[in-house]
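Labels run A, B, C, D, E, F, G and H following the written order; every chain starts at residue 1.
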Amino acid sequence: MDIRNLLEKVKNGDIDIDLAIDKLKDLPYEDIGYANIDHHRQIRNGYPEVIYCEGKSDEHILGIIKRMNEKGSNILGTRCRKDTYKKIRNIYPNCEYEELSRILKIENKPIKNIGKGKIVVVTGGTSDIPVADEAYYTAKFLGNEVERVYDVGVAGIHRLLNKLNILKSARVLIVIAGMEGALPSVVGGLVDVPVIAVPTSVGYGANFGGISALLTMLNSCASGISVVNIDNGFGAGYLAATINKLD
Amino acid sequence: MDIRNLLEKVKNGDIDIDLAIDKLKDLPYEDIGYANIDHHRQIRNGYPEVIYCEGKSDEHILGIIKRMNEKGSNILGTRCRKDTYKKIRNIYPNCEYEELSRILKIENKPIKNIGKGKIVVVTGGTSDIPVADEAYYTAKFLGNEVERVYDVGVAGIHRLLNKLNILKSARVLIVIAGMEGALPSVVGGLVDVPVIAVPTSVGYGANFGGISALLTMLNSCASGISVVNIDNGFGAGYLAATINKLD
Amino acid sequence: MDIRNLLEKVKNGDIDIDLAIDKLKDLPYEDIGYANIDHHRQIRNGYPEVIYCEGKSDEHILGIIKRMNEKGSNILGTRCRKDTYKKIRNIYPNCEYEELSRILKIENKPIKNIGKGKIVVVTGGTSDIPVADEAYYTAKFLGNEVERVYDVGVAGIHRLLNKLNILKSARVLIVIAGMEGALPSVVGGLVDVPVIAVPTSVGYGANFGGISALLTMLNSCASGISVVNIDNGFGAGYLAATINKLD
Amino acid sequence: MDIRNLLEKVKNGDIDIDLAIDKLKDLPYEDIGYANIDHHRQIRNGYPEVIYCEGKSDEHILGIIKRMNEKGSNILGTRCRKDTYKKIRNIYPNCEYEELSRILKIENKPIKNIGKGKIVVVTGGTSDIPVADEAYYTAKFLGNEVERVYDVGVAGIHRLLNKLNILKSARVLIVIAGMEGALPSVVGGLVDVPVIAVPTSVGYGANFGGISALLTMLNSCASGISVVNIDNGFGAGYLAATINKLD
Amino acid sequence: MDIRNLLEKVKNGDIDIDLAIDKLKDLPYEDIGYANIDHHRQIRNGYPEVIYCEGKSDEHILGIIKRMNEKGSNILGTRCRKDTYKKIRNIYPNCEYEELSRILKIENKPIKNIGKGKIVVVTGGTSDIPVADEAYYTAKFLGNEVERVYDVGVAGIHRLLNKLNILKSARVLIVIAGMEGALPSVVGGLVDVPVIAVPTSVGYGANFGGISALLTMLNSCASGISVVNIDNGFGAGYLAATINKLD
Amino acid sequence: MDIRNLLEKVKNGDIDIDLAIDKLKDLPYEDIGYANIDHHRQIRNGYPEVIYCEGKSDEHILGIIKRMNEKGSNILGTRCRKDTYKKIRNIYPNCEYEELSRILKIENKPIKNIGKGKIVVVTGGTSDIPVADEAYYTAKFLGNEVERVYDVGVAGIHRLLNKLNILKSARVLIVIAGMEGALPSVVGGLVDVPVIAVPTSVGYGANFGGISALLTMLNSCASGISVVNIDNGFGAGYLAATINKLD
Amino acid sequence: MDIRNLLEKVKNGDIDIDLAIDKLKDLPYEDIGYANIDHHRQIRNGYPEVIYCEGKSDEHILGIIKRMNEKGSNILGTRCRKDTYKKIRNIYPNCEYEELSRILKIENKPIKNIGKGKIVVVTGGTSDIPVADEAYYTAKFLGNEVERVYDVGVAGIHRLLNKLNILKSARVLIVIAGMEGALPSVVGGLVDVPVIAVPTSVGYGANFGGISALLTMLNSCASGISVVNIDNGFGAGYLAATINKLD
Amino acid sequence: MDIRNLLEKVKNGDIDIDLAIDKLKDLPYEDIGYANIDHHRQIRNGYPEVIYCEGKSDEHILGIIKRMNEKGSNILGTRCRKDTYKKIRNIYPNCEYEELSRILKIENKPIKNIGKGKIVVVTGGTSDIPVADEAYYTAKFLGNEVERVYDVGVAGIHRLLNKLNILKSARVLIVIAGMEGALPSVVGGLVDVPVIAVPTSVGYGANFGGISALLTMLNSCASGISVVNIDNGFGAGYLAATINKLD
């Protein structure tokens, strides 16, 4: 552990105490005024850096990317406006953009596959695709094999059963549904691997922007299921990757 | 229509105007101070009289039964306390009681089967049985053939598919579920007859006394489904009977 | 049942096992990547195909219509943007559009009347008409005689009583109301046929986009009433048709 | 105005300044430590004193009554536990108690009729009677003629129409309903006098302890209606009296 | 009563039975397809006709005004878009418009003062004025003397106490407040006449579009207060007028 | 796969078609009237059978245990009343009970450790222990090494940092907190393994029986976190085991 | 700072590195299995130790008190059951108990007055006293002069104005109210010192266990006000003390 | 006190009684029709005048500023639209504007530092800056030294610990966070001075426009924390200043 190293150096007089105190502070974060960038995570596990773009000005996003890029990191931006993307591409031409899921990516070095198995992303309907693709691209960027099975909601249960062999081939499942959100319960009863449920804000009337689907998933009578926030495809992809790299 | 009859009598002088006005008021309801009893419905369609016992004192319930019984009606009491039942049985020994569903019944004349097909009552779990039995006994009392399929929730989808032939034999389906409440959506995708969904307050955590299941059912992506209030087994049974007697 | 047929063929060696497994998968659904089209329902009951257009891109909607049209189906689109309609009409000139209810329809073959009685659609106010017309056109497309009674809300109870003979002529009633949503309770007390209640998001202040009306309808003290989601005219029309074709 | 009187006395030297300051403080309220009793209102308009008993200890209630009784006031206690009543009766034998509505009353002097017309209290069901009686006894104590019309809910609209002449005889109406709470809207459309709507917590499922009825009443499409809190029979009775004494 | 008249005519053969049945239906309402206009109220009490314009198309509003205008009624439109007003003015040049409160008015005959006393409209802040003016103009149109006291919220209690003599001069008070909505409680403790509380959607954060103020007013510890829906200035003005014309 | 086996037997005439259809139905579930027992899962993965006891009668629980016990399964009962436990112990003396977490267990055969790493259960406070122990015993029963770190909530951040080496030794973390529920966010920022967050209903005031903690966890700004229902220690333990057995 | 001290000792070889690591862990917290006791705070500022007793078993509470008492600390227990108090008194006879506020206190050494001014606790009603007394005793135990002004709610504004000089004598105000919760807004407009608002769960109907008062206080239009959780008298007393000891 | 002065003058005949009554009314407020300006506060404590601009027309804002400016006050406008600012600057060229926080300021005289210590403003993320800056500029305008520490949310706890010495240098802390809102709990456990928590509406999914963060903060298990409304940076800055000027 670094702290022991540092203490040994202090003991041996190899380092000044005030400097040691500073070191303890400075290592993992870089403070650029409006943001504290965490380079730590990237160093530790080779993951790309991630920027949640919503609610940040273009200037802030560009500033953060500049610092990350200087280190040669791969960079993933979520909820990125198309206009922002265009500004970034002018400066970093290797920048790419997925329009439906609003994912921005800069690959400065090849992505290594570090997942131990396959992640499968399942949706109830066609309208859940933007969230599903956010999960899909996130998990791919984090070094995983990912397969998609879309529009197999519970109101036509045979559509789902037709895909059973794909479901059963997964090491981790991400199951995404809006409206009544019942799909994870059914899937959870069919497999024996972790199921990450993602409610979407798809629907109308008393769906309350996804609350109905969220509650359904929290109350699932199937075991082995957990839930991330409404429309949080990124969170699901990240968690799936975290599980899938366990060995 | 009665009103034409009455008007004809008025025209012919067969009836006094003040009396005619009174007639218009008095026909269908009997005012006993704390309640206005509707004998009308019973006369029209041969249905038993129904008393919602919750929140009524034993004295009031007994008073209402007394008036109904004088007419020889069949009587159905819902949400009846066991103590109340015992008091009633002392006076009306032909009174019966279903403990789980808290249904009280007095059969003063045989129930005629007036339903055109079969009603099937389905539940997700064992804990939904009190509500399901309220629907079951209500529909039977209203003159229907009823069959029960219990504990076939979506987390073990094959349990449900095993019963598919029974589901398909129904003219009307009542589907009852707590927790995530996804069962009606799956059933609704498997059949082509009306599905009445009943959320129950079974569950814990963020199920909010049945609200989670209620929202799930309202947001169902399957067609042909409608919803009654939480735990309202009586309402589902009554509506199923209303549909099943259509010819 | 098809599965018996298939098993018989397997037994007789008329079909290879792997092929049999494939057959079981392929029959009712057509997977076009972003959607799994259910041609099954159409084959079974002659209903038109239905597309819920909200949240789908024009390209997806056109792609789905193309596949459906190839089979000569009648097609119903709900919540269809006017712009989308115009694009579709350029390709399928027999396409029609109801602006108020945003209903799109393509009649490739005449609609057969398969309903056993009349469906009556009732509204509390003028502002409920878009939802009411969605129910009206849906039920008509599904082969029913439908009649409309609009703006007869409970604050002027005689407006409603004036239409009593129309209400009583219905085999199924769809009752639509916003604001306090009391109309279904009153109608439910006047008739003895199924009442489908539809809350609308009409109103202001503490109506919460229709929640107030929804709760009113769920808590109705009248029997024989069930509820569909807020503004879900299509769901009401579809359910009414499902009930009305029971024989 | 008293303050002018007082200032005149100050000017004339008839009263000491410090005493004047004290006078200004002491007049209307009596501070007994745990409560500030408002004798003012009673002096002004001859109304009885009112104690909201819920959440107060018996000792506090008795202490407050003692001070009030010393002035010979009539006293009204709402939400009074039966046990509390018994303790009070031991000390003040002219104390009376209405068990259903939990109203306590001490008439130290005859109640004068000060209302200009009749108040009519209407309920949707039998279970609303405790709240309705709280309104009834409150309005009577405040010097009004009051008439009761119970169990005339909207699901049997003719029960209500039968009582139309009583409704039309009122100067102020209190309309009380639980479950869907639609009664005030219908009544409001039938009369041209102020309607005070009282939601009750009667019902089950998604009625949320009266919230459903409350929202219904707030969203009423009839004019001339206002709402008091759930189960607040006292508030309705008091307001009706306040309106009815206007001349 | 008209019904007796009619019955007498029927008895005397002065009117045909079928015609009598029609008469009973036709009198108070005029059905113009998308709306049932209630001319009844206007005839009864000389009130202007009122149109709630929100959610109605310009065509519908114009159609309704045309029918009303033919009878020479005074007309009040609430929540009227400015564009709509301009179209109406082109046809009916005597049409006027209050921009802040979006009130439209057509005075075809002079407004008679029928109120027995003065109505006072009070607001907590400057931002409540649009709602307050809706109440103000409504009450004036219904024939009342009305006075305004604006921006006297409870956080500066002396601002309110400075206006005490105006408050005490009212026969009915309308008290309007957003944010915490405490003003009606304070006013209710200062006067002995009916207080109509109107919550407004003014505020931010956890005010939930007026719900916070609504709950405050419903839970008021002052007596003699009732509440109308959020931002419902019209409802308050109408109710105040209804109370103020009692004699 | 069994279905292929069966089909081969059908092809070879080794099994009758009707019998084959029956087989397909009967295998995994045993229908005992009020419950459909899933013996399937146990056979597949050696997991103990699990009974959710809440809302089931003692008779039902005993009946289910009897069937399970006949197969020699290990049995886990959650939310088991102490009284129920006593009845069960009379019949199955090897039954054990954890009073705080209300866990019932019958070990008919030794539990094999099948987890690949260590699961660590962390709580914010002392009052979260019942839920935490439910997770702890569930995970142990499912064959895992589990360690507990209790009462290290965020208001004393150094308590948590003191345990950092234990947190970092986990392959899966279960983090349990009531009140503000912030612990999972902090833990999630300190580790790189999956974090299962469990909100508890501990707290008072505006915690709404755990909703506050639930929302906190869903909105966590840390990655790699997912959430199960309020107080759902069993679900967390089961999911942790599901993740921990991945290889 | 201690960490510098420790580092100096490490540098000088006065302390072993492993021991230094241990020291860093052990100082402020004592881990007794089910709880991590924070002796730190007590050492720092002489405050009594505080135990939140709700949801803790008597054994746990006794165990924690035992450890605290060994250090001679003053001890404050909140939400303490009377039964628990009796058990504690048997062991620690100098233990005292305030029944209304359920405060437990052990004074092992005299309380020093460390507040710079006076704290005043104000309530709207008599029923708020239990919460108010929790604040009162907490602030006193933390070394403050505290004065109480009870039952001066806004519906009788002169009761409050009568106490203005006491309000103005405070350095910090705690203002406690249930029902509509408007008192802090009015007080906040009268003084220029910090106001801590405490909503209480007193009330009925749509007060939602204090939510109504909570929202009122959060939306206060007066400045200088902040809010603690519903019924959280302890939190208010603690914060008031924290402010009052600033110099 | 002024009232004694006035009374002495009345006694001595130095002032006419009617004039005295007027004086009592006129002093602190200036009524300009649509607003009652409180010059009182400014006179008392030298604070700048504050205008909450949201929901006020430009004309009203300009009118209020004109009156304030005539007195030479410093003026602070919150939630000011940029367009409004430009109109004001044309008239008052010394007007300044902070775009991110939408703060408008006119310094007619130098701001005196009246705070006794330093206020520190802390945020969880970059997106909280608009609210944080509103607090920052408010506190500075009210005469305080203020320091900012931004983007130190709990998911990277070391970022926060790195800034511990700044946190400990504060006399009052304002802690601002969206999403899960856990930062104030952690900060509250690290310091012994008052912490003002501000939830922001930053986040998505089930954060409900800041409600999630608000609940987290209200339920904080740390002591010494209180909460202001969502996004209410001004309120936090004002309260911090009120605390910081206590001596």
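By definition in this document, contacts are C-beta pairs under 8 Å (C-beta built on N, C-alpha and C of every residue); 3 or more make two chains touch, one makes a residue touch a chain.
All values reported here derive from a predicted model rather than from experimental measurement.
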item	value
Set of chains adjacent to chain E and to chain F	B, C, G, H
For chain C paired with chain D, centre-to-centre distance based on mean C-alpha positions, whole Å	49
Chain F and chain G, separation of their C-alpha mean positions in angstrom	38
Distance from chain H to chain C - Cα centre to Cα centre, in angstrom	54
Interface hub residues of chain D, defined as touching at least two other chains	156, 205-207, 211, 214, 218-219, 223, 229-230
Pairs of chains found to touch, sorted by chain label	A-B, A-C, A-F, A-G, A-H, B-C, B-D, B-E, B-F, C-D, C-E, C-F, D-E, D-G, D-H, E-G, E-H, F-G, F-H, G-H
Chain H-facing residues of chain F, complex	124-125, 153-157, 161, 179-182, 185-186, 188-190, 203, 205-208, 211-213, 215-223
Contact set on chain B toward chain E in their complex	3-4, 7-8, 10-11, 13, 17, 20-21
Chain A partner contacts - residues on chain H that touch it in the complex	126-127, 129, 150-152, 156, 158-159, 162, 202, 204-207
Chain F residues within the chain B interface of the complex	25, 28-29, 31, 33-36, 38, 54-56, 60, 201, 210-211, 214, 229-232
Residues on chain A engaged by chain F in the complex (per definition of touch)	41, 44-45, 50, 116-117, 171, 192-194, 196, 214, 218-219, 223-230, 234-236, 238-239, 242-243, 246-247
